[in-house]
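The two complexes that follow have chain A in common; it is paired with chain B in the first and with chain C in the second.
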Partner chain A sequence: MIDARARSPLAHRAPLAGDDLRLAERPFEGLLALRGEADELDPAFGAATGLALPRACRGTSRGPGSSALWLAPDEWLVVTPAVEDAARLATELALALAGLRHQVVDVSDYYTVVQVSGRATRAALAKLVALDLHPRAWRRDEVLGTHLAKAIVQIWLVAGETDAGGAEARVVVRRSLADYVWCLLAEAGREWGLDPQRPIGRVRLEAV
Partner chain B sequence: MSVQAYRLEDGGRIDRTAPLTFRFDGRAYAGYRGDTLASALLANGVRTLARSFKYHRPRGVLTAGSEEPVALVQVGGDPATTVPNVRATELELYDGLEAFPQNCWPSLGRDVGVVNDALARFLPAGFYYKTFMGPPLNWMRFEGAIRAAAGMGRSPTAPDPDRYEHVNRHCEVLVIGGGAAGLVAAREAARTGARVILAEETGALGGGLLAGAPDAVTIDGRPAWAWLAEIEAELRAMPEVTLLTRTTGTGWYDRNWVTLAEAVLDHLPPAARDPRLPRQRLWRVRAKAVVLATGAIERPLLFHANDRPGVMLAGAVRAYLHRWGVAPGRRAVVATNNTDAWRTAFDLAAAGVEIAAIVDSRARPDERLLARAQALGLPVRAGSAVVAAKGRSEVRGAVIARADGGGREDVACDLLVVSGGWAPNLALYAQSKGAIAWDDDLQAFRPQPNGAAARFAGRAAGAFDLAASLRAAAVAGAEAAGIAPEHVPEVADDGVAYALAPAPKPQGGRVFVDLQNDVTTKDIRLAAAEGYRSIEHAKRYTTLGMGTDQGKTSGLNGVATLADTLDKTIPEVGVTTFRPPYKPVSFGAVAGRQVGELFHPRRTTAMHEAHVEAGAVFELVGDWLRPRVYPQAGESFDDALQRECRAARSSCAVLDASTLGKIDVKGPDAREFLNRVYTNAWMKLAPGRCRYGLMCNEDGMVFDDGVTACLADDHFHMTTTTGGAAGVLAWLEEYLQTEWPELKVYLTSVTEQWAVASICGPESPKLAAELFDDIDADPQAFPFMSHTSGHIADVPVRVFRISFTGEVSYEINVPARYGLWLWRLIEARGAKYGLTPYGTEGMHLLRAEKGFIIAGQDTDGTVTPLDLGMRWAVKNSADFIGRRSLFRSDTARPDRRQLVGLATADPATVLTEGAQVIAEPAERSGRTPMIGHVTSSYFSPNLGRSIALALIAGGHGKTGATVHVARRGAAPVPAEITATDFLAGFGERP
Partner chain C sequence: MLLVPCPNCGERDQSEFHYGGEAHRTRPTAPETLSDDEWADYVFMRTNTKGVFAERWCHTAGCRKWFNALRDTGSDAFLAVYRMGEEPPRLGGEEKEEAPADEAFA
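Coming up: the complex of A and B.
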């Protein structure tokens, strides 16, 4: 249940839909930063989530509930359906990992997730991301750590063109940069009919 | 409207069913869809399009492409969207197009600037530089007149309303150039399934084949144009092939990173431009291999008055005949040193243009060409050259002479077709630092392939016969994709192999080498005589090869002229450096969409909406938007600031402190790690307690500070300055990963996980007590420098009893999703206590009252903890980063600049931050030693006087002394050196 007092970083933005491109926030997903040695973490992590930690660059593990994204050789981002799940998982992992060198930090509020979907998903992202996003280079279930314009993001392809429902990517972005990224994605999507968005950072800077 | 008197009856790739009207120089003309502005004007008999840069000489159309030096026009009259220096030879015609000639006044026909031409001998090469010499006022006096008289188009004066964007792409093979060679190379590469991007500069694929009759050659048994249509269709059907037209390869950077500039909408009338599309795109392509099929550029001939409108390159004339159905004259002289220009003579004759003479500098032209000319009845002057063009404003004739100077004859003509041979277009390749070498047979530089990255197809490879050109293309395309060529096209053409002799040397007169910059052979000789003997120096002295065309048609003639002057060979002189872009790219395309509001991110906190509603004035701190003050209706900035600061000490105030950097430090060695990175001691900080810490660089200079809380023995919550957050985390990670990998510590930024409302002031304990569900807010029970976790209305919170104001404070951290709710709750509950939101300006003032430093304001990378009077924060017990440097003689000397307070003699005078401090009451002229500077300065409402912090030499030993603060244009202000804590002795301070 979502607490009505809680506000997601893009609560002020309505989903956008164009011909071949859609944008929407996935608010209040649970996110955990997990640090440690994969071999040491795996038993506890597996017991808690039923997932194995991805060991390779770009790798992800997806379960029916949670997913784990590889960020670095000793760093993962765990995505859970809701904030409460992340808090619960954090407690569980902290208990199980006591005594092992590790770090579990709830970062559910640190980031939000922007969903980009439709046939133009790759083409729209390619206006802002310098990495190779071609289907041969970026496959389903791969996550890329990169810059989207000037924002550091993780982009995670959760569905490819051949999946039912078409291509869908998720952009994990810091709360403070979410609006900037939203506006840039909308701008990139103009070609496919997305409406232009004006950033909320457009305020008066007044000298004394 | 004039008739298109020079339009051929039929032919050309123009759509004669789509007539267009356009305006040039104030007159209306007709053209067809498919025309360029140049082809349409030539069809209408307009041959003078511009006035030259320096001498205002009439200039026409030399070429049929992007290499055009002089047919430059201003497109559109709107101050926001007008585009200067557009090559008329590239500008695709659309209905309603309006173009203006450049650099002429009052009109193209009657241009008063032409007086410069008569004064030419007073405007030699280097004129610009010479005006700097002699009396220094020369330049000042002449600059305005010179700038007004010389020039090109006008820049837009209003903001650009158009959109531009970037597109990133990766591919296996990038082919630059969409002529036959580029198409063949792309087809070979694409056979493997490789991703192929082909960029063609013009609106149509075909390149040189479009500058010949549709059936001039046959390829694989098909007439040229039919073959083109087939291969284009074949490529378009391949899913991994991207064909881009109106797209120019503009830059080749490290590791095959190539930029392509695409003109998406420029060819359409404004009303027909899809508002969803950008005007232009910059493609940023990372290619595994690049195939250059950039063709060749024809070299003009050098002779007197070779810049007259009506002098045109042979290949261009052929393009106007076949691609646009225009014969640019009635009676032509064709002057050449090679076989290729003869084809232009034959094609002109076939189109009904009278050929007055074919002038070939070679004594023995190819027999087959001679036979063909004879059959067509075309007069030939072998072993001869054109030595002058005749005609006052446009070509009216040519003077032909034999190589020995004899046999001079004047021949009337209105079109003087010239060809000095073709040179592979290697600008992009040279940008990538590719090697080029002189080829004596070609009389041109050709590429020296240096590894797998660059391959060459067609004429860019130096293959000037079509069969060889397409063979090179097939090989280049296939090898770029890592295979052997499969389909090498079979070509049938007229069988005349390309051959040429060195270009004939000019015979004197005014011979233009660089038409765009009005550089003559005489200018180049003068440069050499004055010592500018390197081609790079001669270029800068004469402006040869500069400007919007970057010497595409003039470069080789310039090198040849300098070589001749210095009695060297062309390869001995060499070429100038090629730099991107290959041709002008709009600033809009370079900037893309990251302009205006999207230029740079502005980070917002969870409470942003409340700050906007409260009418906050914001400032940017480390990309964050932070409220600076919250002026109420009718209140000035200063009044608002004073009100906020009074409230903080008299009742209760709240600050959005969310932006402070926060790092979760976890691991069995976390404590040891902190002990090494902070100057003070951390081994005994108990869980539940907080401590202020200073961080130094290796040089012992303070670079950041903050409070760190002990959550558990192996777990800490570190805070940093707002602006330093990213740098501190990177610095700590670097030490962990490179210096102390044995330490078992992990760091994760939690800056944005927590929204922070910091309440302070004497009433804040009451407000806090009201807010907390399960935390005792009593300052005795919940003492200064401690922290705890609990709840506010069941929302989990972490509260730190730390203070940057000196007042009783509660720094309340909530998960950021509750930040806005918390802020509004505090405002609602705090109203009865006089709760006042305060911004960064108030925070700065309040902390200065207490003498707390701001790293980056009171420190500048040259200040040690001891300089700050913070010896108490420097441990003796263990090592830390920067410790060793603190014992250097320089960091230990007593006269270092040290942080002190300053109290002005007049309490109302507020010093200027950054002002220099001197020891004497008056400045001596220019020589007064400076002993320090003011780092922070405010009027303190709580003390009723001005306060300041300053770094002053030996300041710690000078308490009570009077120093003077210099001002511009006024006497220095006397001030007394004080302690930094101005509130010492004022009530209960933690």
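Coming up: the complex of A and C.
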């Protein structure tokens, strides 16, 4: 159960919807940081979660419940739909990986996830990212570690344009920068009718 | 826009990286025995090469790993990247040539 007093980092922001672009928070997703040697951890990790550890940059592996995102050659982010799943999975992984050199930390409280969806998903994100986001360069299930202006983020394309619900990307961002990133994305989405947002922090938005 | 070739992530924009200065500088094993001049030399003095230069980079906004690179400081071209702790690879051919302007300061 989520503590009734828990407040997500973007609880003060209502979802935004415009033409071809929508912005919403996915509060209380469960996130685990896993570190170790890929070859060493893969069999035990696979047995515990049913997922293979992604080995290359941009790699992800998706299961019915949780997914694993590549962050670095020895570091992954395991995403589960709910916080309580992360706590349970952390315990299971601690047992499964016992004896292997590794680290599992429940980092659900450190981050939040912003969902960007709609036909303009790539176009809106491309205003903020220095990487190529064209469908031939950034495919479904690829995660990009980069920065949106001053905020370091992971951008994960969970659905492409050809999928039933249309394109959807998820932006994993530190809690303290969540409002900043929200306002940046809203600013980038003004072209598609998103309402401008006033940042609550002291970090000013850079010209987008 | 300078593209930096990260050994883990491929070519990425320079804005994702943090520059770590000259590579292969080893800390003196017994710093307490050094004179002020020797310590100042270790702390402050760098070679300031014009030409092929070995330096450290960190992919701060990506995989957050440090790596070494050989860069031509005259043309900003990255000639090679290699892991921390490794010796710089030998470069063949014309890239190895020193810029002639260096002689003026000799």
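Observations, loosely collected:
Just so we're on the same page, the second predicted complex is superposed on the first by the 199 of 208 C-alpha atoms of A that agree within 3 Å, B and C clash if a C-alpha of one lies under 4 Å from a C-alpha of the other, contacts with A are read in each partner's own complex, and residues count from 1 in each chain.
To be clear about the criterion, a contact is a pair of C-beta atoms (placed from the backbone, for glycine too) under 8 Å apart; a residue touches a chain by one contact, two chains touch by 3 or more.
Computed from a predicted structure; not experimentally measured.
When both complexes are overlaid on chain A, the residue A:10 reaches neither chain B nor chain C.
When the shared chain is aligned, chain B comes close enough to touch A:183, but chain C does not. Set against each other, chain B and chain C touch different numbers of residues in chain A, with B touching more. Of the two partner chains, neither chain B nor chain C is touched by A:68.
In the superposition on chain A, A:145 makes contact with chain C only, while chain B stays out of contact range. When both complexes are overlaid on chain A, the residue A:169 reaches neither chain B nor chain C. Contacts of A:130 after superposition on the shared chain: both chain B and chain C are touched. Once the two complexes are overlaid on the shared chain, A:107 sits against chain B while remaining clear of chain C.
On chain A, the surface touched by chain B in one complex and the surface touched by chain C in the other have residues 130-131 in common. Residue ranges of chain B in contact with chain A, taken from their complex: 163, 165-170, 195, 276-278, 284, 286, 593-594, 597-598, 600-606, 608-609, 612, 616-620, 624-625, 628, 637-638, 664, 666-668, 744, 746, 748-755, 793, 795, 815-821.
Put simply, chain A touches chain B in their complex at residues 3, 5-9, 12, 28, 33, 35-36, 74, 83, 101-103, 105-111, 126-127, 129-134, 136-137, 149-151, 174-177, 179-180, 183-184, 187-188, 190-193, 198-206, 208. Those residues of chain C that touch chain A in the shared complex are 1, 8-10, 12-13, 15-16, 60-65. Those residues of chain A lying in contact with chain C across their complex are 57, 71-73, 75, 130-131, 145-147, 152.
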